[in-house]
Every structure is written in structure tokens, then in C-alpha cells.
Amino acid sequence: MTEMLIQARGLTKTYGDFVAVDGIDFDVAKGESFGFLGPNGAGKSTTMRIIGATSVRTSGTLTILGKDPEVNGPQIRAHLGVVPQQDNLDNELTVSENIFIYGRYFGLSSSFINKKIPELLEFAQLEEKKDTKVEALSGGMKRRLTIARSLVSEPDILMLDEPTTGLDPQARHILWDRLFRLKEQGVTLLITTHYMDEAEQLCDRLIVMDRGKIMAEDSPAQLIKTYSTKEVLEVRFGSDRNQEMVEVLRPLADRIEVLPDRILLYATDGEQLLEQITAKGIHPNTSLVRRSSLEDVFLRLTGRSLVE
Amino acid sequence: MTSNAVALSERRLGKFGDKYFAGRPQQVLLRNWLSFKSSAWIAVVSGFLEPVLYLLSFGYGIGELVGNISTPGGDISYAAYIAPGLLATSAMNGAMLDSTWNVFFKLNESRLYKAMLATSLGPLDVALGEIAWALMRGGLYATAFTIIIAGLGLVTSWWAILAIPAAIIVAFGFASFGMAITSFMKSHHQMNFFEIFLLPMFLFSGAFYPLTVFPGWAQAIIKALPLRQAIELVTRAMNGEFGINILVNFTYFLVMICVGLFFTTKRLNALFMK
Amino acid sequence: MSTNIRKVSRFGSFHIAEARIRNMAKWSGIILFAAVVNPALYLVSIGIGVGSLVDANNGVNGVSYLTFLAPALLASAAIQGSSDEVIFPVMDGFKWNRTFFGMRSTPITARQISLGVFLAAMFRTVVSVVIYWIVLYFFGALESGTAWLAMPAALLAGAAMGAVMLALAAKIENENFFFTLVGRFVMIPMFLFSGTFYPLTQMPIFLQFFGWISPLWHATELGRYLTYDYPLSGLQLSIHICVLASMIVIGLFLSARIFHKRLEK
């Protein structure tokens, strides 16, 4: 059996009357890349903070590397690399000073950290910026530095909260590439995201969260297989006509979802479905056939889209 | 891949406050040193100017209008009369600036403490490190000021050296207390509370004139204020007056330090363990 | 739709000032409270506290220390008020919230923005000065029948400092430590070395130079002339007024240029 690094049972966090995390169970195995997918406010970040021993759970049990974060907070944090949703780099210091002082916070020796710095700068592709003040870096560079900084203590688990939110597509792809390398090196990754493509790219296994609860848990491919069809046909009739077309189209597809601007028709073969529709004399303004994604899984599970 | 960091953190298990304290406040000091070296030095170094300017302007300018002041120890110049009060006031101002606005910024704007507490550091490391930095700064100011007043011939005995530890105690009291109150502050506007409190205290604590100009009840209120206690502590230390009075001043600050540290640690823990 | 463009182009500064003043109104309670309490605290502490020492000795200019101090404190309050009310909006407008860039996308020009910020600051300064003057009156610090003219004199100082600070604050692109440094290298030395607490002539001659370039000293001299029997020649009077007036003109001219450069490049 594989070694479980994190085990949560009935994990709950409430703030007054508001239930942020509602009795969730999950296990994360060593070397696994584990994702929390859900919209903003689903309870992902709260769960991350509890695991990171910077938030106290209301009830349930949680074991991280055999320890309880309530009892051994500092010892657990020593195992973790934390990349928060908003970068909290030290703006008054340079790139390499940021890594250096972060290592010192863990109590690591200067000689150890100074040996790590070139390696981490290379990983973050920031060698040329090493003496630049953090303030002057671009968003993508800051993100990479935050990740490099979190690796200075050689953590067993790297926790990334919305790692690519706010980055441009190119910066995202660079970051994904870096995270892949870590995965290959056997670092356990914990990722929250509300981007389905990110979850598909990075996660071996993920849980879909909504309103503090787990809606489903599996590998991305298996989730799509279980909760959606192979393909999706997206059709638009113009905002005024979408509603009236729904009833006409409903019998033709396996399942149908209506979004404000378009209708999603689920089928094994999208092209074939489109032909069926046109054969009936129905001509959408635009149509598109694509493979099912986690977005569709989420829609199926919650009736809402991920990014609203 | 059991890392070094884990072994280091486990060494403290079972020791004093192992949940809140990693025994590394010096790393917070080191961080401030790095920041000081690159940019903050101008703000820090210039901080010592303020009491010197007051001393020169008030001491010599108003001094000429006022003449000598009679004290229990004999007549002294106005400049010599106000020097200890200015030292105490600048110790207070320096410590308050470091522990209020700067802490507020690191807590809420730059999220620096959040980054620190995501490592194996604890809240007590952060609180102690920040306060130690404020004290080093305060100690430096006090030393420079003492050298200047000695150079101007305003001190009469070697006891004046005690102004330095006295100023550090004063700074410690204000820093830990200020930090505790800051941890409760939610917005910039609430931070103005400190100014509303500090300005009258500065104007009325008798740094520039004897308290006897005020009626008895007002004197009693002023004597209970921390800045008045600070001025008395520094003045008595510089004059070598060791009796029950200085002990009262000292105890006052000891209480401020302990209460402040207790609440700061408690609050930082609550803020970051939401 | 185009009817208002002419109106905007003529009154743009007033629209900006109005917006600033509406913003201030949110803090009017605090501003008014500070406007009353601040002078009262200084008058009791320095006026009466230090005054008791000075008056017990030889006094100064043949009047009570409170009377001597009053016009200087009044001008100093005007300077402090106008500086604060200029520096913060400028930092906010160029950097923190970049509101000036939003204003600039309307028909309002950069020059009008700078003048508008200045006008709003003057509004606040007028309020502070009038309140301060009333407090001084009740403390019995004003002796002569022309004492009310100390208000415009103080305002002149506030305007001079406000205009210079407007240019300086707009010029600063990196505000790290700006407030601290302005306080330590400009405001406090000016407060302490402008003949505020004792006649300027009492200082060594090389220090008197600070007074000559300080709006506070010029306004204080005017104020003393107006509030008690303090002699100034016609030439001295016109020099003081000219220095303050030229600071306003130069400050506003430079501000308009700097605003233009930063907003319209």
C-alpha cells in the first residue's frame, strides 16, 4: 500500500454561522499531485490553510506525515513549501535575498542556503534578476520566485494556492512546465485551482469542491468519463432564441445544459449530433464540437460553471 | 527526503512554548538588517535628528528667554533641563513608529508576517525579533544623543551613560505595548488613534517645563502617563538618583513590557491561526 | 453632448476641487476636531507651560509669551494643514489609486487637476485658520485691532507652502520614506528654526538663513506686526508679502508643468 502523507476525516471549519469546509474526507499519497477544483469560495483555500497549520480546524481529524497540525504546527510547517494565492514576497529585498532569508526562517545554515540559491534561481529562470529588487519583477517572475522560495527548505509537500491566477497564457505555461519538473522529482503537490485546464494538466487525482463539500473525487480522465459524455456540441442561437430552442433540442442529446450565451449538448459523437440537428432544419448561428472537460463535470455536479 | 528544516524544528519539541516559539527571533532581525542595508537606512539614520533639532532650537533659543532652571540639584541651563525629556520622547517615538505603522504595514499590506509564519517560525519569534530591532534602533539613537549632549557640556556626571539603558527600557515598553494595540487595528484610520494619544502626551508630560505650572489634579493624571514615567526614569538614571522613585518608574515599564508581549503573541497567534 | 466641454474647460479646476472637498467632508468630524483641539493643546502646553518660564524671566518683545507665540502657531497650522492636504491626494492620484489618470481621460487638463488639488487644500486651510484664530482669541492671545488680518497672513503662508509641496510631491515618483523625510528634513526644521519660539535674530546668522527661505518666518513676522505692537517698516512688509506671493506663483507654475509631464506623456 502506498504511504499516505495526508489523511483528513470529517474535516470541518466554520466562521460563526458560515461553514467554509463541511466535513470532508480525503487522502493524499506520497509523490502524488493532488488537486482541489472548485469556484471561488468553495473552501479550497481554507482547506489549504488548515493543512498548512496556519488555521485551526473546527472539528474532524487531520494527520500530516503522522502529526496533528494543532499540536505540531511548526514541525509540520517545516515539511511544507507554501505558495499562497497572493504573493507575499519581501518587496524591500532582492530576489536572492528573498530566498536566503526565507531559508533562514527555517533555521537553515547560510552555507546550505547559499548552495541552494543558484539551483533555485535556475529553476525559476531568474538568474539574471538575482540582485533585482522584487518590486521590479513581472507577475510571472514573482510567482516563480515565490515557488523557488518555498523550495529552499526542500519540502516534502508543496502547496500551491491558485498558482496561475492572474498570469498571462505564456507565463502560465512556463509555470506549468516548472511544476511538472517538480512532480518528476517526486515532490508531492497540493494544488487548488478554479481553472479546469490547470487541473487537467497538473493533477493525478483531484476532488471537486463546492460550498465546502466534496462533489466528486477521481483522476481528471475518470471524472470526465463518469460525469460527462465523450464530446460536447456547443450551439448559439442568439440570446433571445436560446431558451425556445432548448425544448426542441432536448430529445436529441444525452444531456443538455443551458448557459446564458449558449447551449451545451452532450453526446458521444458531436459531429453526428450536429448533422441530426441540421437535418431537422435547425440552423444555429454558430456551432462547435469539442471534447468534454472538467468544466462539464463541474456543471453536471453543481449546475453552475466554475468561473462566473 | 527528510529535510534539514524538519530536524531543526523537531529539536524544539517539548521545550518552552514549542507551538509559538522556534527560538529564532534573530532571523527576523536579520531580515530587517537586509532591508535596512539596501534602502531603509535613510529613514532610520535621519530619525536621530529630531531630538537634536529640538534640543538646539528649544535648548538654546528658548533657553535664552528662560534663563536657568532651578532643580533640587541646583541651577541648570534650560538645554540641560530638557535633554533627558527629549531623549525619553525620542525613545518613545522611535519605538512607536517601528511597532505601530511599520508593524501595521507588514501585517496588512505587505503580508510579510504571513510569509514568516508559513515557515517553521512562530508568532513569538516574529514579535521578539521586531521588538529587538526597535530596541537596537532606539539604543543607537540614545547613544548618539547622549554623546551629543555630553559634547555640548550638558551632562554633569558619568551617570549620564545610564541614559542609554534607561532609553532602551522605555523603548521596550512602548514597542511591546504599541505592537499589541496595533494587532487589534483593522484600518489606517484607526491607526490615527496613536497620534491622538501621543501628541497631548508629548506636550503635557513636562519635557519642556516643570509640571508645577499645572493644578494638582492635572499633575496626578500626567504622572500616570507612560511618557512622564519615561522622562522621570531617564532623568533619575542620568542624575544617579537611585531610590524608591526610580524603582516605581522601572516597575511601570516592566509591567508595560510583559503585558504588551503577552497580548502581542496571543493576538498574532489568533490573527494567523484563523 | 458637446455642450459641456466649454464649461469643463473653463471650470475644470473647480470640479476637481469640489470632488476633493466632498471627499474631505467624509472626515469633516475628525478634521474639525483636530482643528480645535490641536491649537488648544499647543497653547496650553507651550504657551502657558513654557510661557510661565519665559514670562517669569524677562519676557519677549514686551508682550506675554502667548501673544508672541500666537501668530507663529497660526501660520504653522496653516502650513501643516495645506501640506497634508496636498501631499496625500497627490500620492493617491499618481500612485496609490491612480485617480489622476482617470480624471485625465475626461476633458479636464493636467493643469486643472493640479490647481484643483491646490484649491481644495486651501479650502481646508481656510477652515483650520479661522478656527485656530477663534481659539487664539478666546485664549486672549490677540491684542491689536488689526489682529483679524493675521488670518490672511497665515493663509498666505499656507498657500505658499501648499504650492511648493504640490510641486515636490508631484515630482516624487518613488514615495518610499517620502513622508518621513519631508517631516524630518522640511517640516520639523522649519517649525523649529523660523523664529517661531523666539526672535529669529537670536540665532547665529548662518542659521537665520533658514528663516529667510521659510514661509513660516515671513508669515510670522507679518502676523506679529498685525496682532501686537511689533514694528515692521513698509519695505519689510512688502518683502514678506512678495516672498510668499512668489512662492505661490512659482510653486503653482512648476506643479502645472510636472502634472502635465506625468499625465500627458
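Order of writing sets the labels: A, B and C. Residues in every chain begin at 1.
What we mean here is this: a residue touches a chain if its C-beta (ideal position, glycine included) is under 8 Å from a C-beta of that chain, and two chains touch if they have at least 3 such contacts.
From a predicted model like this one, the values you see are computed outputs, not experimental measurements.
If touching chains are joined by edges, the resulting network of the protein chains shown is an open path. Centrality by C-alpha centroid: the chain sitting nearest the overall protein C-alpha mean is B.
Per-chain CA centroids place chain B at a distance of 31 Å from chain C. Separating the centre of chain A from that of chain C, both taken as means of CA atoms, is a distance of 54 Å.
Note: centroid distance chain A to chain B, computed from Cα atoms, is 45 Å. Multi-chain contact residues of chain A (touching two or more other chains): none found.
In chain C, no residue touches two or more other chains. Multi-chain contact residues of chain B, defined as those touching 2 or more other chains: 39-40.
The touching residues of chain B, when paired with chain A in their complex, are 1-6, 8-10, 12-13, 18-19, 22, 24, 27, 30-31, 34-35, 38-40, 110-112, 114-122, 272-274. On the chain C side of its complex with chain B, the touching residues are 30, 38, 41-42, 44-46, 48-50, 52-54, 57-60, 65, 176-177, 180-181, 184-185, 188-189, 192-193, 197-198, 202-203.
Per the touch definition, chain B reaches chain C in the complex via residues 39-40, 42-43, 46-47, 49-50, 53-54, 56-58, 61-62, 64-67, 69, 78, 192, 199-200, 203-204, 206, 208-209, 213-214. Considering their complex, residues 15, 49, 52, 54-56, 71-75, 77-80, 82, 84, 86, 88-94, 97, 100-102, 104-108, 112, 133, 153-156, 186 of chain A touch chain B.
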